[in-house]
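Per-chain numbering from 1; labels A, B, C and D assigned in written order.
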Amino acid sequence: MNIKKLLTPFTAWGNVTKDPVTIKDPLNERPGADRYRGFHRNDVEACVGCGSCEDICENEAIDLMPAKDTKDGDSGLRPMIDYGRCCWCALCVDVCTTNSLTLSNEYTWISTDPEDFRYIPGIDKKEWDNNNDKGWKKPEPNYEFYPLKRIQPSHLSPEDRSDSFIEMMHGYSKDQAMQEADRCVECGICTATCPAHMGIPEYIKAIRNDDLEEGLRILYDTNPLPEICGRICTHKCETVCTIGHKGDPLSIRWLKRYIADQNPSERYKKILETENLVSKGKKVAIIGAGPSGLSAAHYLVQMGYEVKIFEKLAAAGGMMRYGIPSYRLPYDQIDKDIDYILSLGVDIQYNINVGNGEGEISLETLGNDYDAVFSGTGLHLGRSTGIPGSDNKHVYASPDLLRWIVEGKEFEVPENVVVIGGGNVAMDITRSMARLQMKKYGKVGVITTALEGEDKMPADREEIDEGREEGCIINPGWAPKSVEIDSNGVPTGLNVVKCHSLFDSEGRFNPQTDEDNKEFWPGTMIIESIGQGMDISYLDGKYKDQLEFGPRGRVQTDEYYQTGLPWLFMGGDIIKGPDVITGIATGHKAAVGIDRMLNPEF
Amino acid sequence: MQKGINNLIEKFGASDLVERRSGLSFITVDQTKAVAAITHLKDIDGYTVLSFITAADWIEDGKMQLTYMLNNPAEVAEIAIRVMLERKKEAGESMETIHHLWPNAKKWQQELKEMYGVDFPTSPGVNDSFILEGWDDMPPNRRDFDTKQYAEDTFFPRGGRVTHDPATYMREQLDPKDPQYYTKKKKKDINS
Amino acid sequence: MEEKKDKFLAPENEVRQVSAPDGSIIEVDPLKDYFSQEKPEPYKVGSGPVENFLNWARAESLWVLGFGTGCGSIEIPPLVTPRFDMYRFGVQMRATPRQSNVFIISGYLAIKTLKRAIRAYEQMPSPKYIVALGSCTINGGMYYDSYNTINRLDQYLPVDAYIAGCMPRPEALLAGFAELKKLIKAGKGHKANEYVENLEWYKTNQKKIIKDWNMPDYNW
Amino acid sequence: MNEDRSLYPEHDENGKPIIDLESHKFLKLWQGPQHPGITGNMSLELTVSGDEIVESKTHVGYLHRGFEKLLERRLFVQCMPTSIRLCVAEPDPNEYIVSTAVEELGGIEIPDNAKWLRMLSLEMARLQVLLRGVPGQAGTFALGLGYQWGNYLRDLILDSFEELTGGRVYHMYIIPGGVRGNLPEGFKGRMLEKLKLIDEFVVKIDKLIFQNVVFESRAKGLGHIPKEWVDKYGVYGPAARASGVMRDVRKTNPYLNYDQLDFEPHVTTEGDVYARSVVRYNDLQMTVDMIRQILDKMPDGGDIRAQTPNVLHWKIPKGETYVKCESSRGEYGMYFVTDGSDKPRRAHLKGPSYTHANALLDKLLINANIADTAAIMVSLATCPPEIER
C-alpha cells in the first residue's frame, strides 16, 4: 500500500482553520442580481394592452384583463400573469411594444393557496413594484424581436416630380410588402381606431401568406375604396400602431394599396363573390357620389337594394376626384374603385343637383320615389379668414382651385403665391401650385403659413417634408393679418405676425400673437385653405323643422346616421370627419341602418 | 464523404441528396435497400457510429420518415439516411431492424415503436414499454395526436381564467354598433 | 376496468405459486399478501401546551425525503452544502420515506413518477408535509400541454405550501421551509389527515390518470 | 474482481444469462427511482447474486414530458424556454443547439460578439457541471467532502450566470439570432477572481481524490469500456476519451470560435472509472483555461443579436439539419426539421446519456458490485431528463 496516498487526503483538515462560506441570513442577504428575472412589474400608464406578451408566452401564462379605460391606441386591457404557468423566460419583456413590462429582482413568493398566484402587475400592488430599479429589462443594443425600421416604397425624386402630376409614390414590390407586413405584431389596436374598423392585422397577415385575394376580401368587408384609401387615407391606424412606440409605425396605408394594386379589376367580382347579386326590389336614392355615398351604395347593392346615385358634377368621386391632386391619387385608380361599385348594378345620374331650384331634383321627389334616401353631399365651400382684403377677387378658396385643376379650367398662375392653412388640403394646393409654377416659370414661388407651430401642424409629416423637397416654403407659426392690395386691386402680398399659442388654458381657440414680430410675404395670388363649409340648402322647405341641427350647422343623427326624417340618412363630411375613411364608415353604417329600417325582421 | 454518397447513389439508388453543410448530408434510400445501404456504409465506408434513429411524421404526404444518422469519425462526416415509409392511418408501419449492427439501435427502435407506432419486428424487446407507462392512446408523437387536447381532458387545468382579444374588446368598448359583422352575416344570407 | 388492470399488471404482482425455502409450495397474491389491506386512520390531533410542544418539535425537525421528482431537485444540492446549509434550520435529507416527514415535489410530475410519489408519500409517517416547487405543481407550468405530466398537484396529493418560481432558488426554498414551520407551529400542518379523510376523492383522481393501477390502494 | 466472472451465471446459446428466480440463488433488486445512489430520477432493475449483479435493465420515463411533441406546438422563439429544460444540470448546450438549428435553417448569421458570449456561457455551464461532477465521483464512494467544496464553487459560477443572464439555473441566454446581453460591468474581473479559487480547488481535489488510496483502489478497473465499444455502443465525450478515442466536437467539428482557442482534450486508454475521472478532472482544468482565453480574446461589447424576422410569425422554409456541440457529457445534438410553417416539424434531441445509460450501462453493470452502480453511473454522467426528454 502506498503510504503517501493514504495520508495525502488528510491535508483536507487544513480547511478547519478557514472561515466558513455559509451565508448567515440567506433570506435577506441575497437580492437577485441586477438582471435577475424575478416577478413581473408593469408600468400600466405606458402599457397599451397590445397583447404581444400574451402571444409570445409559450405557456399561456398571460391573460389580458380590463383594467383601464379604453381609448384610441390603448385597449384598456392589462396583462395578468399566472404563476402557475410562468417560466420566467422574460420573452414577454423583450417583445413588449412599449417597454412597459419588466421583471423585478424579487423571487420569494410562498402561499398555501394555489389560487393565489395570479395578479395584474401594476394594478394589484406588490412590494416589488417600486422597491428598486433592478431586474430584467429588454437587452441593449440592437436587440429587437421585430424590425423597427419602416420599409419605404420607392418614389419619384423631387426633381422628377416637381413639375409633374404623375403619381409620385410607387407601390411596394412583393419583397418590400412582405418585409413590411412581417413587422406587424397583430395586436389589433389599430382596428378600433380606424373609423371603418378595417381588419388591418388580418389583411396584413394575408400579405404575409401571399394570399392577396383573401386580402382583397378582407378589405371589401369594410372599405369599398381600397385603391383610394391605400393612397390618401389619413391613416389614424398608423398613429396608434404599437410598433410606433419603439420604432416606425407600420406602413398600413401602403400595404393596403399593395393588395388593391396587385388584384386586377377584372377579377374583382370573382374574388369578392359578387357576380350574382339578387335585387329584392326596394329602392334607395343616394345624393352625392363621394366616399360616403359610394360606400353606402356598395353595401346597399350587396344587401339587395336598387340603388341610384345623383351626382352634381360630371364625374363620380366627390372630393377624392376634385379635391386631391393626381400626383397623390391618379384618376385611373379612382376609376378602378368606382367602376367596380358601379358594375355591381348601381345606377348613377351625373350633372344633376338636388335642390329646390330650376332643373334640380327636389328632396321631396326623392323621398316620394324611393324607400330611403342617403345624402353625403360633402364640404365643397371654401371658408374665409375674414382678414382685411380677403374679399379681393384674387384671394381664392382652395376647393375651387383644386377643382379647376382637375377640370382643366384655365386660370392665371402667378409667380408668387401665398397659401394660408396648415392642413393636408393646404399642402395639396401648395404643391399643386408649385407644380404649375414649375411648368410655367421653371421655379417655385409658394409660401405657406399656418397658425400652428411646426410640430403641431395638422398636415401629415411626409406631406410637409415632400412639399419642402419640391421647393415650397412652408413657414408655420404665423397668423395672417391683412392682404396688401395695390392700386390696381391686385394683391401684393400678405402681412403676417408671429403666433405663439393657439388655445388658452381652458382649451378654447384663442390665438396669441406677437404684434411686433411681423413679416410681409409677397404674392399676387392669396389662397385660403383653412377648412371647408357645407351647402345643405336642399334641406330647406318643409323638412327643415323635422330635423335637428347641432353645432356648426350639422344635422343631428342617431348612430345609424338616421335623421329626424325616418327615410333620410345622412353621412360623410357633413356629419362627421372630414376625411375619406370616416365618410366610408358613415356610408357603411348608414347602409346597415337603412337595411334595418327596410327589413326589420332580419 | 463523397465516396460514401457516390456508393449510395450508384449501388442503392439513393436520391434527394441535400448537402446541408460540409460534412453533413441528407439522402433518401428506398425502404427495401436501406438496411443494406446502412450495412455498406458501416462496414466499407467507415460510418461506424450510429448517432441516432428517429422519425418525422409527414401526415399530409402520407409518409413516415425514418432518419438514420451515421457518423464517420475518421473523415469527420455525417450522412443521414432518410427512409420514407408509407404512413398508415392507425400506426403500425414496419421496418427492418438494425440492432445486429449496433446493439443500442434496439432502444431507439423500441422508442420509435412506442412514440410513433413504427414496428421493427425481431428487434429484441421492441414491444416492451420504454418511456410511457400504462399508455392507452395512440402513439403520442404521431402528428394526429393532439397533446393539448389530451392534457386538458385528462389533467383539468385550473379554471377561472379568461382573456380578451384587444381588437374585439376595443371595438366593443369604443363602437358597440359596429356594422361589419352585420354586413358579413347579411352577405351570406343573400348568397345562400 | 378489470380487464385493463390485468393488462398492465407487472409479472411480479401476478398471483403465482412459489416454493418456500423449506420446499413447500404456496400460492401468493402479491397485491393482497404483501401489502396492508387496512384503510388508514387519521392520527389524533391534540390541544393545549402538549400539542404546542409537539408542533414546535415537528416544525424544528423537517426531514426531507431525498426524491428528486423533477427539475427543481437541482437546487437541493446547494441547500445541503455549506453555502446555504439547511441543516442549521433543522432541515435535512433522508434516504427513505420511512424516516421523512417532508416531501418536496420539485416541479413537474410525470405520470410514471406520480405513481411512485404517491407510494412514497403514503409510506411516510404522519404528520407529514408536502412542499410544492414551481409553476408546474400549481397549474401545469411549462408543461401545461404535455400528455405525460399532471397540471394540478392538489388534485392528487395534499399540499401544504407552494413556492413560486421556475425553478425556485435555494433561498426561496429556505423561505418556504420557514413558512412551513410557521404553519406547523400554528397547528395548521395536518394535511395528512385531510388526505386520509378525503381518501376516496384522492384515489378517484389518482386512478383517473394512472391507467395501469397495478398496486394496492393503501401503502401504509 | 480480478478473476474472470463473465461466465457466471451460465449463459444460454444466445449469450443471455440463465436466471431462475425460483432457485433462491438470485434476487431482483430495484435501485431507484427514489434512491440516493441514482443520478436523477431513473431506476435500475438489477438481478443480483449475493452482492454481484448478473443482469441489469435501465428503466427511464420518470421525467418524460414529451418535449419533442411540445416543440412541434411552439413558435421557433417559444422553443427556447421549453428546450432549455431538456437537461436540467447543463441547459446551455440546449439553448445553443436549438438556436443554431433555427439560425441555420432560417439563414441568420450571428454577430461575432455573440459567438464569443455563447462560448463563454457554454464553457461556464461545463465548468459548473464539472465542479459538481468531478468530486461527485468520489462522493459515490462516500467521500462527500469534495462534493461540498465543489458545490460551493459551482454556486459562485451560478452567481456569475445570474449576473450575465438573469437566471440561476435556466439561463435563457442564447436565443435565435444571438444572445440576450453583453457582459455586465466588472464581470471579467469577478470571473477571474472566481477562477483563481477554482485553481486552488483543483489542487485540493487532486490531493483529496486522486492522491487517495481508497478512491484509487475502488475506481481502478471498475466499469471498463474497451476501445472497440466506443463506436459499437455509442460512447461520447470524456467517457470515449478515457478509452483512448478522441471524441470532442469542439476539436473535430469546431463551432462558434472554438478554432481560435488553444486547447487539447485529455485522452487516456485505461477506460475505467478512474480514467474517466481523470479525463474529467483534466477537462475541468482545461475549461478554466478556456474561459480565461475567451475572456481575453472576446471583444469589448458590440452587437448581441442579428435582426431576425418578427419572431411572432417567423416562418422557416422546409429543411432539416443536425446541429451538435460538446456538452460536459459528450456530443449533444439536435435534429431539426422545418416544413415552411412557423413551428418546427420535428425536433429530436440526441444526448450521450441515451446510449450511455441504456445499452452501455446494462453491459457495464454485469459482474459489478451493487455498491458500485452509483460510481459507474456517475462516471458516465448519465442525465435522465435528456434520455427520455
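Note that a residue touches a chain if its C-beta (ideal position, glycine included) is under 8 Å from a C-beta of that chain, and two chains touch if they have at least 3 such contacts.
Values in this document were obtained by computation on a predicted structure and should not be read as measured data.
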| item | value |
| --- | --- |
| Chain nearest the overall Cα centroid | B |
| Chain A and chain C: spacing of chain centres that average the CA atoms, whole Å | 60 |
| Rounded Å distance, chain A centre to chain B centre (Cα mean) | 47 |
| Rounded Å distance, chain A centre to chain D centre (Cα mean) | 55 |
| Distance between chain centroids, defined by C-alpha means - chain B, chain D (Å) | 25 |
| Overlap residues in chain B, where contacts from two or more other chains coincide | 132-133, 140, 145, 147-148, 158 |
| Residues within chain A bordering two or more other chains | 21, 59, 82, 84, 87-88, 114 |
| Contacts with two or more other chains, residues of chain D listed in rising order | 61, 64, 66, 69-70, 73, 81-82, 152, 170 |
| Pairwise touch network: line, ring, star, complete, or other | complete |
| Contact set on chain B toward chain A in their complex | 158, 160-171, 173-175, 177-180, 182-184, 186-187, 189-191 |
| Parts of chain C lying in touch with chain A, wherever the complex brings them together | 82-85, 88, 135, 137-142, 144, 152-154, 159-166, 168-172, 174-176, 178-179, 183, 188 |
| Touching residues on chain A, where the partner in the complex is chain C | 20-23, 26-27, 30, 39, 59-61, 82-88, 107-114, 116-117 |
| Residue numbers on chain D that touch chain B, as the complex places them | 60-61, 64, 66, 68-70, 72-73, 104, 231-234, 245, 247, 252-253, 319-322, 331, 333, 335, 337, 345-346, 348, 350, 354-355, 358-360, 388 |
| Touch list for chain A against partner chain D, complex | 1-2, 4-6, 8-9, 11-12, 21, 32-37, 52, 55-56, 58-59, 87-91, 94-95, 103, 136, 139, 141-147, 182-186, 205, 208 |
